[in-house]
Structure formats: structure tokens, C-alpha cells
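In order of appearance the chains are A, B, C and D, and numbering begins at 1 in each one.
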């Protein structure tokens, strides 16, 4: 065992996790429907605290002798770890948050898998999926009935420059001063900064039950290892359910600077807010960053204008370099959400009312074929076009950082995306700007695009 | 609305219960797989606090205009009650424990039903049932990992004389002084006395998280309305799963005086302990009562001897009129349970190790045909004979107090039970003694036997 | 060491009690201003749980080899007990409430003594005493800011018949159902019953921070050993400060049947309520008991009429055999108290506004001389006459049960009390009735009056 | 009212603070022994959150119309603020920590004053002072019995450069990862950084009861306004009692870079540790800073060597630029403290055993006369020389930042300090280095020395 690896026996600090014998079987290395491999790789990502590596393949290779096993003991479950990353430990003791996250991971994987095994005909209707996301969040104890709307979802890049990072901390500090909670994708960068800032201001406000919710999924967790401030980790089964969870669990969304993933998220939420059924539902959406990010947001704003139009721009507000104003506007937005739900008897803890089109719910497989056949034309309803643009960005994110996507690119070359010129040109320009600004990869690495934008002149 | 009825809107005090839209649909008055009727009748039983009526039919008739409806509100669920029994209220406010129980009932019915709907091929294997009982108890938050064995199951009559009731309080007081928790069938009589005694001694010992667990099932809850000290109510789907829950959740069993139901319980646990697989598993079992009950226990002891034999007698101890000794022996027994589970890495919170034969797990339908065809012969393995004797008593309990059984008796006359004379004669004698001692019905009512014991001379 | 005595080392369960080296010195057996003797005798009374003995002298004689010593350890204080009553232990472990009370006793004695040592010129002004009582209660953590008025003081005999005891439990049960807390003199009988009843109903109402306050003083604690339900024991320095604490800490008073001590308490509160300054201050005062006690209350009512007059009768209400009505009226009274204090910005946690005359605050030494020189004439202001009648009863209580008083009677014969005939005759009649009804001593013992009532014909 | 001032009514969040009428009188603007002025100025310092101003005079002048008044209400005390600094508020609501601190301030001032009024002959013996400090800390609830040694006192400058500040955060983060708590002088700079770092790591370790103790005194609070992470503020009556509180409450001391005040603190603790009575008492003492501070510590180390000698150097360890090692060594030191106290039955919560010479306990008045007459010669016992050197630095601190000292300097010119050359030369050199490094005043301001070092050639 090298000196950066440790073996240890881990018990949950709080005695919450209990599995039946049947569920324990699901986690054995061998056996039908085994969760072992996915549990092992998620655990490894969780244990990889504070590492700068966002490449799942490298991580898995470095710790190929890592093993994790579940043991039943008199007082409950125990995890037996072998050759785990030593960064998860302080003086030989596992950091408490990391320990908690391992058990959260176990809880979510078992729930998802057990559900699927018992219910072999899966989730076809839109309602089925929405109920399923609810059940998963409830099982993860992420739905807290009775609390007023106060969850701010923060989206943006996991790899940002220092100035942007400091800005996210400042915004988090202002949000925390106003008693707001933070929900992110649970990795580093924009996913960590607001939590760090809010930790300090929650301490100042003597808020002891503050929530730092991290929503992730098995495909992304290795690239965006949960930061240890997260005190509620939920692993959703795939990227679409994760996005739906953000939208229904959160009460407002902040978008910080990022790259393709951030554009995907913006297109996703705009596609939803543009749905005719949602036109009366208040949903605070703010794009913000430090002075240096002004140009970035201008580019995005212009891209939205060119592709989805003026109406889409009315659904968000851009605020540059003003954490206090961001926080005040978000607080005002929360009040609007509260009023609306009270009047409509809609639950504070889960946004049942908002319509998420089936297009946004079904997983998009980022294959070369699917990417090539995306329709990107202005004759579609705006929210449908937003859906397809979202998929295009989703595929690019996969090609950049997800194991499956990276492999596909290595094998078949870059994805081809095509559509009408009035969409493809702005798209190409935006992507080019992202590459130039170093927003596609970790700083210091050279980026080779995983896509080719083509203009479909025939249409 | 008469003056003994009240209408009210009820919210859960602690914000634990959240239902998905799908689950709320299950509780609508109309619709597929609706739980409405069962929820209504269980709720009525829960609201019938402190009533002396143990006849479900009378209760339902008295409150035929009672209605209960679920409403989704911003902060969670609300129950809308119309024409509810006023005994559940103090100055117009519902008693907190009653309120909690209504939501516990909701939780358990939804879990059971949702499970069944998703998993249409039910629970065939013994293991399936054991895992199912675990899942149900876990969902009810009744499994608390990490606590040492300290749950004492108290069985006995719901209708006992004053002296016996005072004795159960004294025993409960001694158990509570030693930090033990109480689990009963959650009704009055023996199901309430130990909880009342323990409430006082837990207060003296400054134990603030004491558990008063009530395990019931929809068929029995009306006859044994939960007493309001119960702070964990769990509604199991049927009598067999309820019995399995007692055995796997509890760490020791006390049997107080009772009637046919108590005999059923004693035969059930003896049948399990007599199973060859269980011979090394410690399970403290004590039969106890005041001086006046000595004869009652002698009769039972003799009946066990004649039918199941000397070995069966070794599994329990009879202690007359000595609450302190009962409590001390139970405490010693808990230590043996703790030691055994530590050595065998068996969970403290759920007795996975004990073998419960499939015979004891499948519901016994108390029809005239099933009762008539029970085999009661000494050539069977002892634990199989115990199983059938248990069923005989189970049928008699149904014929005495359960709606279905009472209806069958009204329609077809008494059940016939038959077997070899060396079993049937002691059985007849024991039942006769119960009738004579008034242990078949509430005091003050005349009892008409719902059974005929026949001797099968042919065998 | 006999088998009813145990030795043990006791640490506080909650780490609240810390003493400075100077304070520890106060408790050494030798040394200036030592508290050792008083701490030893109070501790012995506390340890004497559940004993039927109410005679301090017998208790002290029985445990003359009892010793208690304070030790400083790394984690705080420890008490070293030698030859303590075994009734305070369950299986060798001290009952948690008893353990707590020993540390409460330590806290109060040290506070009182340290205060007196530092402030050698004591409490001369009425305001001084009132502030001192406040400081003592605050130091005992008995003042809880922010809670609404809900403390019901229950007065009455420590030695009552079964039926009366059961009645006090029923009243306590009803009070607890309405969320009210109980404050008594902390001994058995009336001081225990309401707490026991409320313990059950507080459990039903899921009230986990219920208060069972016991106010005692060193001279009475041996005769009225704290019952173990008390979860806040406060030892006031003398009888008058204890009475003031009842009145200022409590929000309403219930008087159950009792003997001379109960009459003393009624006269005390009437004397205060009759003070002209207090005429607008709401103070619910209810006299109640089972049907059998009706005559007792008629006698008291008549005595009040004859001596203090009709106006005094307006300050209380007598309710016979109706626990629910008692509780409802007390609840209504609490609301009046709340309203009054809100309007007048008077603290909920301490009744600063009520005037307690200096006469009621200074200790009355029950010597033969003081008893003989009491003025009992109708030409006095009513509240002054009430004060002197109170003293007469106080002396009789001392002569009955307090060490000092009993010794004085043994030495000099009965006290002589004299006054004008229109007071002395009713007094003699009332005392005679108490003797006849066995309200002067524990049942089963013969009572020899410690007083002679004389009529002062000269006046 | 200008826009940077707010008026508000403040109630304590937790209902802890209750005052008697007598105590409320102490805080009235007029009246004997009034605390009003001192309460007003301390409150102003507390409200001055986040301000960069460390000059009490400027602060008082800026808010000369600020007023604070105590009101008694039904639920307890209320503070009425007029024209308070708006920096203490977020959207019109006072920051919770600031609110808490105002009530802590009230508590401590009342305790101190009430004590002094009742005990007019004050604290002459060394033991008296030690017991008094204990009583004050106990009253502030700062003594928590039962917890293992884990309080790290952090000393150093309130005005340090960015790199040093970041370093203190990194050290705090490592201390928090190991479960250690932080105690500082509660101002900015070194007093804030470790708390900020530990807040993040305590969150990671799920430590919810972490302690951020700030010990201050009325004369320094304006210059070192409490940072809002402090969750236990204690105001000691003077600088010497504050220093004693640090030593007896803390279990180890870290010294970061600072100026004259830091040198004073180092001399204080060395003077104590050099006392012959203390030679066996473990007391971890570490001097640490980033790489850039290496020279600073070399200068101090050399100064100690030249003046107090090699033995004094053995009492501390210097660690440069290694937060993890600092934290590990401190953790090891804590274990030694724990072991020592267990063996000697010394309380974990208060270091009774360590001898603090009377010289270190009595307030040193920094008058020109006292400064001039300090004896600084090597023929004194080392701990006595340390005491006088400490006083010299104390006077310089007063001349730099305390109102009284600054006034004296303005009036009479700089203090003169004299002694034998082998002490005065190193002293002059060290002070010169501090001036040169800008450690005497806030960065950006020009420093005029408040002292003249003279060599006493006669001696």
C-alpha cells in the first residue's frame, strides 16, 4: 500500500442507514443486478476529497486496488475500505462529511436499484418520472416539509479562475446572511464557493441547520468530486433526473460563469420556463459574475437572443459584480415563490406545479448518431428548440469529461452537430469563445474540441 | 353534528409525512386500489381514545357519518376530519399522540399498498416476508440502529381485571427503572398498563427518548384502540406479519394474563423457539401476573406440558407476584441477547437470525373449512403442532372479536375444531376455564362460545 | 454496613455543576461557615426516596453513619456517599432524579451561603428579599424567560387518604392535558399526585420539557422528602422565602385537602391578595378535592368567613369532585395572567408586581414567646390579621413536624395561642376538626396537640 | 439619522438573560454605580462589525448620538437602540451574533459590577482573584465540565498583512479538522483568521457545538471589535484578569505574528511558565507564521534569549509555514494536558493548578510614573523580570491604542523606560524592528513612538 492510500473500517456517525439482507446482497461483488461496480466508483470519487483531478479514468486507474465492502454488525452497517485515497483522512480518521457521503451514496444506489428491480417496466409517463424523483428525494430525506422557500440552486463551472471563485464565495456569504440555503452539483468551483461563503455567514447568523445540498449522478461524480461542505449528498440515477431534482427542489437559480455544462443548464431551465403551461409560475433566475465575466454573460445573452429570442431573455436577470444585490433580488424572488405556492396550495418542499416536458426528462444518449440527428431549426416551438440545444451542449459536456463520451470521441472522432445557419453560427461562435476563454477544460490543459459545428444549408 | 362529535383540520406536529401525488391518489374515495375505506376505519379506531367499546361494528355504526380527507397544502399534508369522536380532543384541540397516530397510520397504509401495487407477485418465500417486515418497520422508523437490546414485548389480555391491570403497571414501572422500553399490541389492558408504569419510572430516570411501541393491524385496531401513551404506532398488514414484527423487533417477551389471544401468542413464540434452528438463540420469555393469576398460569403450564411437552416448558419461566424479579430477570436476559448478537454480528435492531417457519408467516384465514381441517396430532414435529394449535386459537380470537370472524359465526354457527383426544381434552378444558374466568370477552358481557371442540377418535 | 445501606460515587449526569475552590471549602466538614451538616441532612432526605418516614429525627438516627463528601475530578465534581439509604438505588445505580437532586441541593446551599458570607449585612428591605429570591431562582435555572404563564402551584397535605391522592392525580392529568406545569412543595401526597397525573398526560401530549418544580427548604425537606418525579428541585433558605418563591414563580394556585400547613398556605396567599396594592392583579386560586372532602372545605370556607370576612372569600373558588372543570378554570385564569402582564410589561417568569408585605417575608420563629404574643384581633387590617393567623398555623406545623419546634414542645409543653373570642373559637373548632380527621399527623399515629387555644377575654 | 445609522428593538434569541430589578437599575443612565457609560461604549464597539476603524475615540465621536436602553417586557429583556451603526444589520435585521454579543456584554458587566458593589473590599489575595475569574467565566457559561482539553488560545496582531492573515486561516482549518476549538481576543486579524478557517473545517467534520471564544475587556474592545464568528463573548473587567482567563481556560497557546501586544502576551505566558511552581505542568506553546514571518520570530527568539535566557526558550517551539504540523503538535500537547489533569484530578475546564504570581494579576496602570519606575535588571528572578518586561510592553500598547494611554501621551509626551544595557539594547532593537515592519499601528498610518528607551548606566 502506497503512502497516499489507507485502509479503514467506517461506521455511520448517525445511526440512519439500515439495509435489509436483500439490499446487502445487491452490493455484493457478484450476483444478479449487482451494484458493486457503481458503488465502488462513486465511493472512490467521494473519497477523492480535495483532489484537483477531474478525470474519472485517471482516478480509477490510480486506485485500481481500491475495494469497498459492506459488513453487517450488531449496531448496524460497517464499510470496510482497502487502499482508499488518504486525502479523505485526517490523522488516520476519515473526515466526518466524507463518511456521511459514503452512506448517502449507499442509500441512493440501493433505493434506485431496488426500485428498478421491483418495477421492471420503467418510467414511461412524464408523471411517473416526476413521482419517482420525489420518492428518491424523500428517501434521501431531502424534502423537509414546513420550511419556507429558501433553496438557491447555484450553477456554473467546476473549473473557474480565482477571481470568479472568490466572487461565488462573496455571493454565498450574502445569501447566507439572509438565511438562504445552497444547492449545487456538489463539486468544486462554483459548486463549492457559495457553500463556503454561506458557511461563514450562517455561523454569524447562528443558523445551525443550514443546508448545503449536493445533487450529482454516477456519470459526473468522478469529474466533480463532492466538496466536503456538502451536508446532504443525493445521487440521482441520471443527468435528466438530476436536472429535474434541481428544478423541483430548488426555489430559485443562480448561474455563475462556466462552460458548456453551464450553457446546458441555462438552456434547460429556459426551455422549461418557456413552456406555455409555466408562464405564471414565478421562478427567480439570475446570471451573475465578477466584473471580468461581463463579456461572457454578454455573449450568452446575445446567443439566447439570436436563437430563442427576446421572450427568453425576460426570464432571467444579469447582475454584474454585486453580491449584495444578487442576494437581495433572490430573497425578493423567494417571497414571490412563497406567495404563489400559498395561494395555489402547492408544496413548499417540491415544485409539483411546474411542467417539465417529456423531452427534458428522457435521458439523451450522447452517441454520434444522436448528436448528428438533433433538429436545430427556428420553425420549432421555442421550448422544443431549447430542448435540442440543451442536448447539443449535453453531448459536448459528455465528450469533454464523461467516461462514455470521452471513449466515443476517442473511437469515432468528434461529434457532428448541424442545423440552420441562424442557429449554427451563433453556436459555433459561443463555443469558440468558451474554448478561447479556457472554459472547456481545467486551466493549464490544452483543449481539443470534441465537436464540429456544421451548417445545414439545405433547410 | 351531535355533541360527542367534532370536525377539525389536522396537520402533523413534526413535519415528517410527505406523500407524492401518486400516493395521495391511493387515498381518494374512488379509484383503483383505493385505501380510503381502510384508512377511514383505522382512523376511527385511533380517534376512539379511551372508549370502552371494543366492537368494531358498533364503533363504525356510531360514527357512520365520520369522514377523513387528505389535503395537500404549502407546508405539507393536512387531514380534514368530519364528525370525529370528541374523546380525541381536549378543549377542541386534538391530543398530540392521537394526531401523530393518524399520520403513522397514513404512512403505513400507503407503504403497504404502494409496495403491493408495484410488486404484484407477492411474498412467497419465507425470506421475502422477513425482508418485507424489515422494510415496513424501517419505513416506520421503528428500527433504531446502534441502541442496545432493550425492547420488552408485553402480551396479554386487553380486557383484564383491576388487580391484573395494576400489576402490569407495577411491572412496567420496574422495567422502566432499568431503562427498558415497552412494545405491545397498543390497545388497553395489558397493552397499556406496562406503558403507564414505565412512563412514571422513565421520568424518574430522566429517560426522554423512551419507546412505547404499539404494533397493530387493520383487523384488530378497532377492537384494541391504541392507548395514547404509544409513541410509535405501526400498522402491519396482517396478524402474521404483526407477530413476526414482535419477535424480530423485540428482545424479550413478557406474557401477562389474558384469554384466547394470549394463548395464541404463547403458542406462536413457543412454536418458534422449539424450531431446531433456534435452539441456541437466547430469547427471554417470562409469564407473570399477580397472586390471583397463579391458577391461570398453572392451567396454561399444564396445557403446554400435556400438548407440547416438557421441553417446551423450558423456554419460559413463570414468576408470580414479583415485578422487581420479573424486571431483573428480563434485564439479565437482555444482556444474554446482547452478547449473542455481538458474537454473531447480528443486528441489535432486527433479529435476522431467528428462524420463523413459513407456517407461522402465512396468514391463516379463519374460515369454517380451515378451522375444521387443522391437524392436531402428536405425531407431528412439536413446532408444527404448536403452529396448528396457534391457528386454532387465532380462529377463536377472530370469532370473538374480529369483524370477518364474527360475521362468519353469525352466518354458519360455531367453528368445529378436532384432533386426537390427548390434545383436544386439555384444549377443551383450557377454553372452558377461560370462559369461566371471563377471559373471552369484556367483563360484564355474557360469552357465547364461537367454537366446538371435537375429539377425532379415528386417528 | 447493613443491607439497606449503600456506598457509591456519584457524578452529575449533565455537566452543569461546577464549584470554585472557595465554594468547595464551604462544604468541608470543618472550617468557617461550613455547610457540611446542612448539606448532609438535606442529602439524606433526598436519598430517602419512597420512605414513609416523615420524621427527620428518626431518619437522622437511622443513618447516623451516613457521610457525603465532595471530590474535584478532571471532569468536574463527584460526590462520595457512604452508608446511604438503598432505596435511592436500582440494582446498585442511583436513580437519575435523585442524583440530579443532590447536585441541585449543592447548588442552592452554596449559592445561599456564599451570598450570605459576602454580604454580611442581610436582607432588611422588602425589595432586598424579593431581589434575593429572584437571584436564587435564577441561579437554580428556575426562571425561563419567554414561556407563557403555565405554572400551577399545588398546595395541600403530604399525608392524605387514598381517595384524595387519586383525586390529585386526576387533576394533574387534566392540567397536563392542557399543557400546564406543576409546582409543589416536592414531598409525597398532594405534592406528588398532580405530578404523577401530569406525567402521563404530558406524555400523551408529547410535551417533553414539562416542569415538575419542587420548592423546599432545609427545615422541611426531611419531613417531606422530594418525590422522584420532581425535575427541578430548589432549596430556599427558609419557609418565608419558599412561600414568596411559590407566589412569584407560580401563575396560579390549587389548594387540595391538607392539615395545618395547608391552612397556613391559604392564609398566606389570602393575606397577600387582600393587600390593597394587589387588588387588580389576577391570581387564580382554586380549592378542590373529591366529594369526600366537601365538608373539609366548608369548614375552611366558614373559618375564612368568620375571621377574614366575605371579601376574602371572593379571592378563591371551591370546586368539588371535578378535575376537568378545575383544569379549565385554571387555564382561563392563566390567560388572564398573561393578558395582565402583557399590558403591564411585567415578566412572565417572575411576578415582580405583586406586593408581599414585609410581615410575610420575615421568618417567624416558632418560639413559645412568639406564639404567645401573636395579636389576633379584628381591629387589625384584614391582611395583617391574615398574616398573624398564618404565623399561628406556621408555629403549629413546626410543633408537629419540624425538629426545632418538636424539641421546643418536648421541653416546654404546648404553645399557647390567644386572641379575641370571635377568632379563637373558630380557630379552635377548625384545629379540632383537623385532629379528628387525622390531618395533623401521618395516618395510624396518635396525635397529641402541640398547642392550646386560649380566648383573651380582656380585649 | 444618517443612512449609516439605524434604530431598533432587540430581544435575545435564546431566552437566557434575565435581570433582577436591582440589576436593571445599575444600567440606568443616572444613579449610583451606574454602568450606563461603559455599557454604551462596549455596545458601540460590538455593533461596529466589520469596520476597519480601531480607534475608540473616533468611533465614539462618530456615533455620539448613539443610545442604548434596557426595557423589561413580559417575555424578558429588550434593548432599545438609537442611531446604531448600520453595519450590524442585514436588511434591517441585526446579525444574530451581534445580538447575542450585546446580551453577553450586559451579562458580564452586571455580574462584575454587582459583585463589586456587594463586596466593596476587593480582591487582595492571589487566590481571591483566581476564584473571581472562575466565577466570572462560570457566570458567562464558558466553563463546560466534562469536555476534554481542546481550547487553543490564539494570540497575535489584530492588524497583520494579508499573507499572515491567510496563514492564520490555514492553521485554524487544520485545528478544526482535529476537533480543536479556538479562543482569541475576539477582534480582527489573528483573532479572526483561525476562527474563520476552523468554521469551515468544523463544518466538514460535522462539529456543531464548536467554540469560538472571544475574551476581551472594556478598555480594548473598541480597538478590537469582536468579529462576528465569535460565539462566546466574555468581557473581563481588566487586562490582567483577561490574561488569567486565557491561561486558565485555554489548554494550549499559539502565537502568531503581531506587535507590542503580542510581545506582551509572550512575556506574560513565559513569566508564568518560568515560575518554579509550574515546572511540571504541561502547557503547549507554539510560535508560528508564514515563511515571510521567519525573521520576526528570530528577532523575538533572540530577544528572549538575551533577556530571559536559554531556559525560557525551552518553553515554546517555533514552527514556520506548516499549519498541519502546528495542528498535530497542538493535538499531541492537548493529550499531555489531559493525562496530567487526570493523574492530578485537576479540572479540565479550569486550570486551577498553574501558579500565577500576584505580580501578573494586579492591574498595571500605564502612567508615566509607573513606566519610568519599572525595574529591568538581570539580578531579578527570571519570572519577575518577565513580569516587568510584560508591563513595559503593556504600557506601550496602551500608549498606542487605549484611550487612557493615548491621552496621557498627548499630554505628557512619550513614556520613558529604563534599565540595564543588556536588556534595554535588545528591547530598543526589537521595538525598532516592530516600527519598521509596521507592526505598531494599522497599515497605512505613520507611527510616532509613544516611548523612549533609556539605558540606566548607573546600575
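We take it that contacts are C-beta pairs under 8 Å (C-beta built on N, C-alpha and C of every residue); 3 or more make two chains touch, one makes a residue touch a chain.
In this text the structure is predicted, and so the values were computed from the model without any measurement.
Q: According to the touch definition, list the chains common to the neighbour sets of subunit A and subunit D.
A: Chains that touch both subunit A and subunit D, as defined above, do not exist here.
Q: Starting at subunit A, figure out the least number of steps needed to reach subunit C through touching chains.
A: 2
Q: Call it same or different for subunit A and subunit B: same when shared residue numbers make up over half of all numbers used at their interface.
A: same
Q: Of the chain pairs C-D and B-C, which one is connected by the greater count of C-beta contacts?
A: C-D
Q: Could you grab the centroid distance between subunit B and subunit D? Build each centroid from C-alpha atoms only and quote it in angstrom.
A: 64
Q: What is the distance in Å between the mean C-alpha positions of subunit C and subunit D?
A: 47
Q: Which whole number of Å gives the spacing of the CA centres of subunit B and subunit C?
A: Chain centroid spacing, subunit B to subunit C, equals 45 Å.
Q: Subunit D: which residues touch two or more other chains?
A: In subunit D, no residue touches two or more other chains.
Q: Based on the touch definition given at the start, go ahead and assign the chain network to line, ring, star, complete or other.
A: ring
Q: Using the touch definition up top, name the residues of subunit A that touch subunit B in the complex.
A: 12, 15-18, 20-22, 71-77, 118-119, 127, 130-131, 134-135, 138, 143-147, 338, 341-342, 345-350, 352
Q: Residues of subunit C touching subunit B in their complex?
A: For subunit C paired with subunit B, touching residues are 13, 90-91, 95-97, 100, 177-178, 196, 199-200, 203-208, 212, 228-229, 231, 328, 331.
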